[in-house]
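What follows is a pair of complexes built around chain A, which joins chain B in one and chain C in the other.
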Partner chain A sequence: MRVELALFASLRRYLPDGGDGHEQTIDLPDGTTVGQVISMLGLPDEPRVVFVNGRHAHDEQPLHDGDRLAVFPPVAGG
Partner chain B sequence: MKKIVRVDMSDLSVKTEPLPEKWSRYGGRALTDAIVFSEVPPAADPLGPENKLVFAPGILGGTTAPNGGRLSAGAKSPLTGGIKESNSGGQAAHALAKLGIAALVIEGAPADKDARYLIKIASDGSVSLERVDEWAGAGNYAVADGIKQKMGDVKRYATITIGPAGEMGMKMAGIAVSDPDGYPNRFCGRGGLGAVMGSKGVKAIVIVDEGLPTVEHADRDAFNAAVKKFAAALREHAVTGQGLPTYGTNILANIINEAGGYPTRNFSSGRFELVENISGEKQREVTLERGGNVKHGCHTGCVIQCSRYWVDKDGSYLTKGPEYESVWSLGADCGIGDLDDVAALDRACGDIGIDTIETGVMLGVYMESGRLAFGDGKGALRLLEEEVRKGTDLGRILGDGAEATGKAFGVKRIPVVKHQGLPAYDPRPIQGIGVTYATSPMGADHTAGYSITANVLNVGGSVDPLKPDGQAELSKGLQIATGMLDSMGLCIFVAFAVLDIPAAFDAIFEMATAHTGQKWDADALMELGKETLAMERLYNEAVGFKAEDDRLPRFFYEEKLPPHEAVFSVPESDLDAVFDFVPETAAKMGISKPGA
Partner chain C sequence: MSPSEEEAILGRLARTRVGIIGLGGLGSNVAWMLVRAGVGALVLADPDAVEAGNLDRQFYFLDQVGLAKTDALAANLLRIRPDVRLELHRVRVTGENVAAIFGGCNAIVEAVDAAETKAAVIATCCDALPDTPLVAASGIAGTGPADRVVTQRLGEAVWLCGDAETPADGHALVAPRVALVAAHQALAVVRVLLGEPEP
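So, the complex of A and B:
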């Protein structure tokens, strides 16, 4: 399955293609969970905010073909 | 002994009186509220002599409390018609506090409408007034230069100024406060308080604090220990210690867009396809490339350091930030996806002296009328410079904000509550902030109860933003806590750490106790927040606000917002329960309606 991955702020450098952008489409085995992708990317073991298709997601949540996975470090402002 | 300084613009007299005992535990928002509540008749014309403009540092103002230099400005608002507290960073609060001034109250109105005054508070506490008619119509940056020339060798002072919008009585006029470099770029933006200052004939206030020490404490050692504890928590928390200092407030653009709550083209979508171009990450990259400053405090004593300066393509200072709210309002809400366009609009707002949020919401509404294309940044700038700044017939309509503009040009979708434009979070997919917009005595104001914390950012817990459950409780708790922080004079960004680190909360009442010598604890802090809100609610009731005013505009209940196809669904009974504590709090305070 293909999943759109987006990493923001200080997490951008963990994007597999290593480019300047913050988004990349990746191929994954069916049923891969959010947590598995995060560990595959080697994200630091720190608090993060994770969305799948614009909704908060947990590590155990399985991904589906065409999903968008977005990961943020703790951020706030306003 | 703290004092209240009153400047009566009707006869140009100055009076100084001790802070009354009944207000000895008040500062900041609680004190501006108490003075407006007690002294401004609810029926007063906001731009008439009965209204009063109050400036107050917080309880911790003038101390080394981290992020403790926020300024509250209060009055009856010409925009909402209700009581208003508009809060700013900058140097003025510390300067007032160091002079022992708990509140500066500007009263009355001059007989000569063409007169412009500079109020000068010298470092010995003496207050003088000077005619500055030649500054009529000048922008905030020119006024700042004019003050600098007058000050000569005196280098340490803070300024409070208005641009032409305030002089013209426009309802979206704000009040500029100088930052540590002297730029007039910090704002009591919301609610039209710049127009109140203009109606008093006051163009500028300068407060000299050269050579003055920080204020004394009841228990210096205990105070310093609490300061250390508070600063450690702010540095430890990922948001206040890393995210905000690195990227500034506009770090939010991507995450709010991701959550589908980034209001785009006058609240017609929750995602902006050009968000990357105006994101905090992009802003940092461009600012660094051009040699701008990407990290400083907006006031002395700030340990978070979320402020930054935007420089133009030649590397010259143009404006602060721009901040998240301003990038959204002048950017996404207008379909503008270019940071230079946004920064030019931000600079124009700062110089003309208008609230960036209200201005962007107004522009979005005007664009929806078809008179200007969404995305036309140059056209928007021309409107501000050629119409609003000059006060043309069109400029005066636009200058009164989003609702006035929408009504004048037949726009159906007008995003306002209590006549004030909504900030940068759509309340349909982020329902907790909708409760705050609907119920806050301030009108639509995100800072009044920043539910984005638990709704989107997972700070201070987690409440599903798309469901109505738990939103009213969330907003209520945050509104009470915010009333307290605004009264302490603390920046509300400390809340990100306070919500997650218990020691940070304890440090607040420990600082208050050690500084004032009064007994403060967790309950007393919350009581202060409740008392603040009780005065505001009772004032607004006397003005005539009712339960139906605590609602969002109908379209938020009816028009589905992409991408989540969400509508606002928090029940009215939940909204009406947010201020259920007011009768009990008011009874304890011995108040029931505005007046002495």
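So, the complex of A and C:
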């Protein structure tokens, strides 16, 4: 299956293609979960918020062909 | 803007209720902007008291040091608009209380401090109130150029204001930049409430 991956802010450098943008389409085995993608990408163990198709998602959520997975790392300051 | 357009906007905003989670540099400034813009009701939540060190960027005054932020902010907002309806909660917002406190809001502002808390508050709001617009902030510190502060749409009902990258740990919190991000949040709320969801 193909999933559109969007990594925001400091996470952009973890995109597999290492390009300048923050989005990339990746191929994954069917049934791969959000948490498995995060682990595969080697994202740092820091606070993050995950959306699948614009809705908040948890690590155990399985992805489907055509999904858009977005990961955003909030930084301190309020 | 014509008087009739202004009246129409004020009329729409007067019927809205906005929640603010965290009443620090972001939340206290978002609050007065929304009150001046004409929002009818605010639900304000913060467990802390005003400290002297807050006065460099937060909407409080020296004689309010030691007061609960909820009470001090309410007093200041009512001096601007005595008719604004305020609901005060001197609590930390969690997954257990978020729906009860903010369930009746037309939009919610995330304005907490620590990165872990931000992630938890955003997740909590998205899970408990998935259809309530949430305007969050990240990247408010430092003295970077104003035009690096942006509003972007993160999810179906989630907007993010800030430069997204400059953390408060290791960078100064400077009043104009904090207020700039607060203004982005307040404007995003107004736009969403008026049916203009795109940043």
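Basically, the second predicted complex is superposed on the first by the 74 of 78 C-alpha atoms of A that agree within 3 Å, B and C clash if a C-alpha of one lies under 4 Å from a C-alpha of the other, contacts with A are read in each partner's own complex, and residues count from 1 in each chain.
One rule holds in what follows: a residue touches a chain if its C-beta (ideal position, glycine included) is under 8 Å from a C-beta of that chain, and two chains touch if they have at least 3 such contacts.
Because the structure is predicted, anything quoted here is derived from the model rather than measured.
Legend: residue contacts after superposition of the two complexes on their common chain; A:22 is shown touching chain B, with no touch to chain C. Of the two partner chains, neither chain B nor chain C is touched by A:1.
Look at A:43: by the touch rule set out above, it reaches neither chain B nor chain C.
The contact surfaces that chain B and chain C form on chain A in the two complexes overlap at residues 8-10, 46-47, 49, 51, 54-56, 70, 72-78.
Taken together, the chain C residues at the contact with chain A in this complex read 22, 24-27, 111-116, 118-120, 122-123, 126-127, 130, 136-141, 154-158, 160, 162, 164-169, 173, 178. Remark: chain A residues 8-10, 46-49, 51, 53-56, 70, 72-78 touch chain C in the complex. Against chain B, the residues of chain A that register as touching in their complex are 6, 8-10, 12, 22, 46-47, 49, 51, 54-56, 70, 72-78. Taken together, the chain B residues at the contact with chain A in this complex read 237-239, 242-244, 246-252, 254-255, 258-260, 276, 280-281, 306, 323-325, 423-424, 429, 446-447, 450, 452-453, 456-459, 462, 464, 466, 493, 496, 563-564.
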